[in-house]
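Both complexes below contain chain A, partnered by chain B and then by chain C.
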Partner chain A sequence: MAAVLNSVKSFGGNSMSVNGGPDFMDAPVTTGTSIMAVEFDGGVVIGADSRTTSGSYIANRVTDKLTPVHDRIFCCRSGSAADTQAIADIVSYHTSFHSIEVGEPPLVRTAANLFKDLCYRHREDLTAGIIVAGWDKRKGGQVYSVPLGGMLVRQAVAIGGSGSTYVYGYVDSHFKEGMTKEECFQFCANTLALAMFRDGSSGGVIRLAAINEDGIERKVITGDDIPKFWEG
Partner chain B sequence: MSSIGTGYDLSASQFSPDGRVFQVEYANKAVENSGTAVGIRGKDGVVFAVEKLVQSKLYEAGANKRIFNIDRHIGMAVAGLLADARQISEIARDEASNFRYNYGGDIPCKNLADRVAMYMHAYTLYSHVRPFGCSVMLGSYDKDDGPQLYMMDPSGVHWGYYGCAIGKARQAAKTEIEKLKMADQSCRDLVKEAAKIIYIVHDEVKDKAFELELSWVGDVTNGRHEMVPKDIVVEAEKFAKESMEESDDSDEEDL
Partner chain C sequence: MNELFHLPTKRSNMATVNSAYAEPSLGGFSFENCKRNAYMETKGIKMPTARKTGTTIAGIIFKDGVILGADTRATEDTIVADKNCSKIHYIAPNIYCCGAGTAADTEMTTQMISSNLELHRLSTGREGRVCTANRMLKQFLFRYQGYISAALVLGGVDYTGPHLYTVHPHGSTDKLPYVSMGSGSLAAMATFEDRFKPDMELEEAKKLVRDAIAAGIFNDLGSGSNVDLCVITKGKVDYIRPHEIANEKGVRQGNYKYKRGTTAVLTKSVRSLPIDIETTVTGEAMDTS
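Right, the complex of A and B next:
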């Protein structure tokens, strides 16, 4: 997808790739991304944008970055699309096997640990920033952040991806404990809208999902329904 | 009841004509020759009591423990060949620590019991190894699952128990355990009851000296498996000896 042999010598002057074509022909496919996850009493709400880029070319404008790893455990993927898909597949396999061995649904902590193990062990080779979120019967809704180097930390609210840098202030000032599911949906939609507005690598539609004991509720916010703020 | 499986008992990879694997049954005999161990699952924890027979006065006190720590939250009590049991405890410790490394948490007791049982069973399939000559009990406690007690025997079969006894006086011990209302009693009470059972089933004539080993895991220890503290052991032994004297006295009155 990214590596293309090219015999064209020059193209448009400014952005020249190593092989002599437009630079997006060689750029790796990344989920440039804004992702986040929030805990509430009884579950979690997760959200992501839908843009996959290869350099400046948008390879997929309706991507689903919210990937299930088990019935009640999801991960939000940012970084290299290939890396995060491969990791999520491996973790999904291990969690299924483990839950059958133990005879009960897997703990979110277990899935997060499996992500961490892969991301840390192969930290030199991977570019993957992952947020693991879900519900289990022991600790309820939980959000775990596994950023680039392979650390693991549980947080009440976690943001990630290139777009997250623009919304730390908004999240810090507007997050409060004890929100309801609907308030969390609104909070995520607002945050992601702001990130998508400012970050060139994030955009498209807002995908949201709520995970609780009863199941998964997915929402998509498109076009004019995306929250608008001061646009200048 | 002992039977001789002439010709069909030379290796664990042979069945007898009536469908028995004699090597495994002989392994059980090794367990029956050892001092009794009981495990009792109460309301808020599990208690182990072991009758550790002492062959000689020259031994150091407290040597050759028959209760092991497998992980912080799981304990193991054994009966049978002690060297075989030490091997099992190493395997169990490896499983528990691998689980913790891979999955980031405590291994559930049931899962560990499954794995240890599968390991012991593997040694009953081949002729170049012999089955383990020990039975092991695993006990744990945590807030979500409550107290758990499992026992594995040399054949690799394992069951969950409310009360379990292995070793030479297991029949007598089982009778005593059945008299208890375990599900209602806390660890503190059960420690005394377990000590009493060991004293009752101990055979003064055949086996002279013994050391009582007691351990518990439950709410009282915050989910950690520990040897019962010295002062509580002393109290439990006192209770056990007094109950024995009471029953002795009552026998004399009848005469």
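Right, the complex of A and C next:
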């Protein structure tokens, strides 16, 4: 579905798009991305970078990829911006409706299944890698991963997006069960900082959010406050 | 699931979402003319290219509301098809939308959403919101998976305050304090990134948008001619077209015409041509009863 970028050489020698104007004008808008979510006792911490690219142009450098789907359920979006926004809107509608039908807040597993249903049924047409995370009364904090093909799996920690490939090692070595909320914040910030440093399609600011029974706590880490590691 | 969101079957496309209001009929593409077109191509008659608005469009949020700006050049490949086209489209009394991409697509899309928003206004009895227009646009464009080439800057002031959105052809939207789209968007964005401040005054904000569009006009081949502005504040819209005529047509400095009498007339002879005009009345006399 995601249209491949066409470029046509023209008089200037610059690569012009089919529509006239530089390449990036035609490229589909993607959230290049680094996203992650971690469970802790009593809730979850989710995090994302803030870069949306259209080819090599950064269409939005302060994107919010942590999208609420219900009061205590969020999703982290990666892949095509249009696809993930449309899917999140549809799931948001269905969880609201479902929650009225059953008379109580929806389970995180329900929202995750709604994502999975859409992503699997339309797997040929969609480019969407989504992490669903939230808190519900029955099972507390939960993180579910719904990657490209429409699989659904619950994990204690999940990473996604183009930047995630660079931080599998860091996550595997530094994650431990039983972290506190503050430790989770720091762990997420570090992971995302490393991913953003190495991945060209990730960058901007680090957005974090903690979801627990009492509500949502959002944080933004900008500029010099982003954790630094060996920079050569 | 239910009918409001038409969840598609295996065969139909993910992109189908039902809307409650009037819309171009879902009859599918009519292939009637394809054979004729193919024949014409073999004869060397080419299809006319789509008219695009090369374009620089931009918008900012300032202290009292939103300012939208646009250039006025419409291109067909490398020819300027229209030197003074209007790219800031009416959506609602309090909402306007700049359009880049294929001119027909932006025109029809904005007109359709404007029409549906008016129906929505009548049925709810309230002033329309910018977020509603945004939703309608993104759901419409997503359904067509990017084939409707409309990149829009949507801005307006509603009960909840001033809002500015950018809508991409595939259906993704971003809500930001300053945006630019079109082939001249980089030039305009460079201007914004340098000089934008939150809560600017009206004159400073107008100057900034004018400068951003001018950057596009003078540095991008796909944009040119004049700068149009639209200032939207609570209860008032100032549609300034043109705000500035940045490219005056040159005045011809000299004339190659010779004055009457330059060539002396020596002799003059007049001969009339023999032309016979024959009128024949064919068919019945006009029925005036």
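Brief remarks on what is shown
Assume the second predicted complex is superposed on the first by the 212 of 232 C-alpha atoms of A that agree within 3 Å, B and C clash if a C-alpha of one lies under 4 Å from a C-alpha of the other, contacts with A are read in each partner's own complex, and residues count from 1 in each chain.
What we mean here is this: a contact is a pair of C-beta atoms (placed from the backbone, for glycine too) under 8 Å apart; a residue touches a chain by one contact, two chains touch by 3 or more.
Given the structure is predicted, the values throughout are model-derived calculations rather than measurements.
Chain B and chain C, once both complexes are superposed via chain A, fit side by side. With both structures placed on the common chain, the touch criterion links A:113 to chain B but leaves chain C unconnected. When the shared chain is aligned, no partner comes close enough to touch A:194: not chain B, not chain C. With chain A as the common frame, chain A serves as the apex of an angle whose CA-centre rays point to chain B and chain C; its value is 110 degrees, to a multiple of 10.
Look at A:57: by the touch rule set out above, it reaches chain C but stays clear of chain B. Once chain A of one complex is fitted onto chain A of the other, the partner contacts of A:45 are absent, as it touches neither chain B nor chain C.
Which of chain B and chain C touches more residues of chain A: that partner is C. Contacts of A:93 after superposition on the shared chain: chain C is touched, whereas chain B is not. Of the two partner chains placed by superposition, A:210 touches none, neither chain B nor chain C. The superposed arrangement places chain B and chain C with a least CA-CA distance of 8 Å. Comparing the two complexes, residues 94 of chain A contact chain B in one case and chain C in the other. Residues of chain A that touch chain C in their complex: 1, 3, 19-22, 25, 28-29, 52, 54, 57, 59-60, 62-63, 80-82, 85-86, 89-90, 93-94, 97, 118, 121-122, 125-126.
Listing the residues of chain C that touch chain A in their complex gives 1-2, 5, 8, 10, 13-15, 17, 52, 54, 75, 77, 101-102, 135, 138-139, 141-142, 145-146, 149, 151, 166, 168, 170-174, 176, 182-183, 185-186, 220, 222. Residues 94, 98, 101-103, 107, 109-110, 112-114, 116-117, 137-138, 152 of chain A are the ones touching chain B in the complex. Residues of chain B touching chain A in their complex: 102-105, 108, 110-111, 114, 144.
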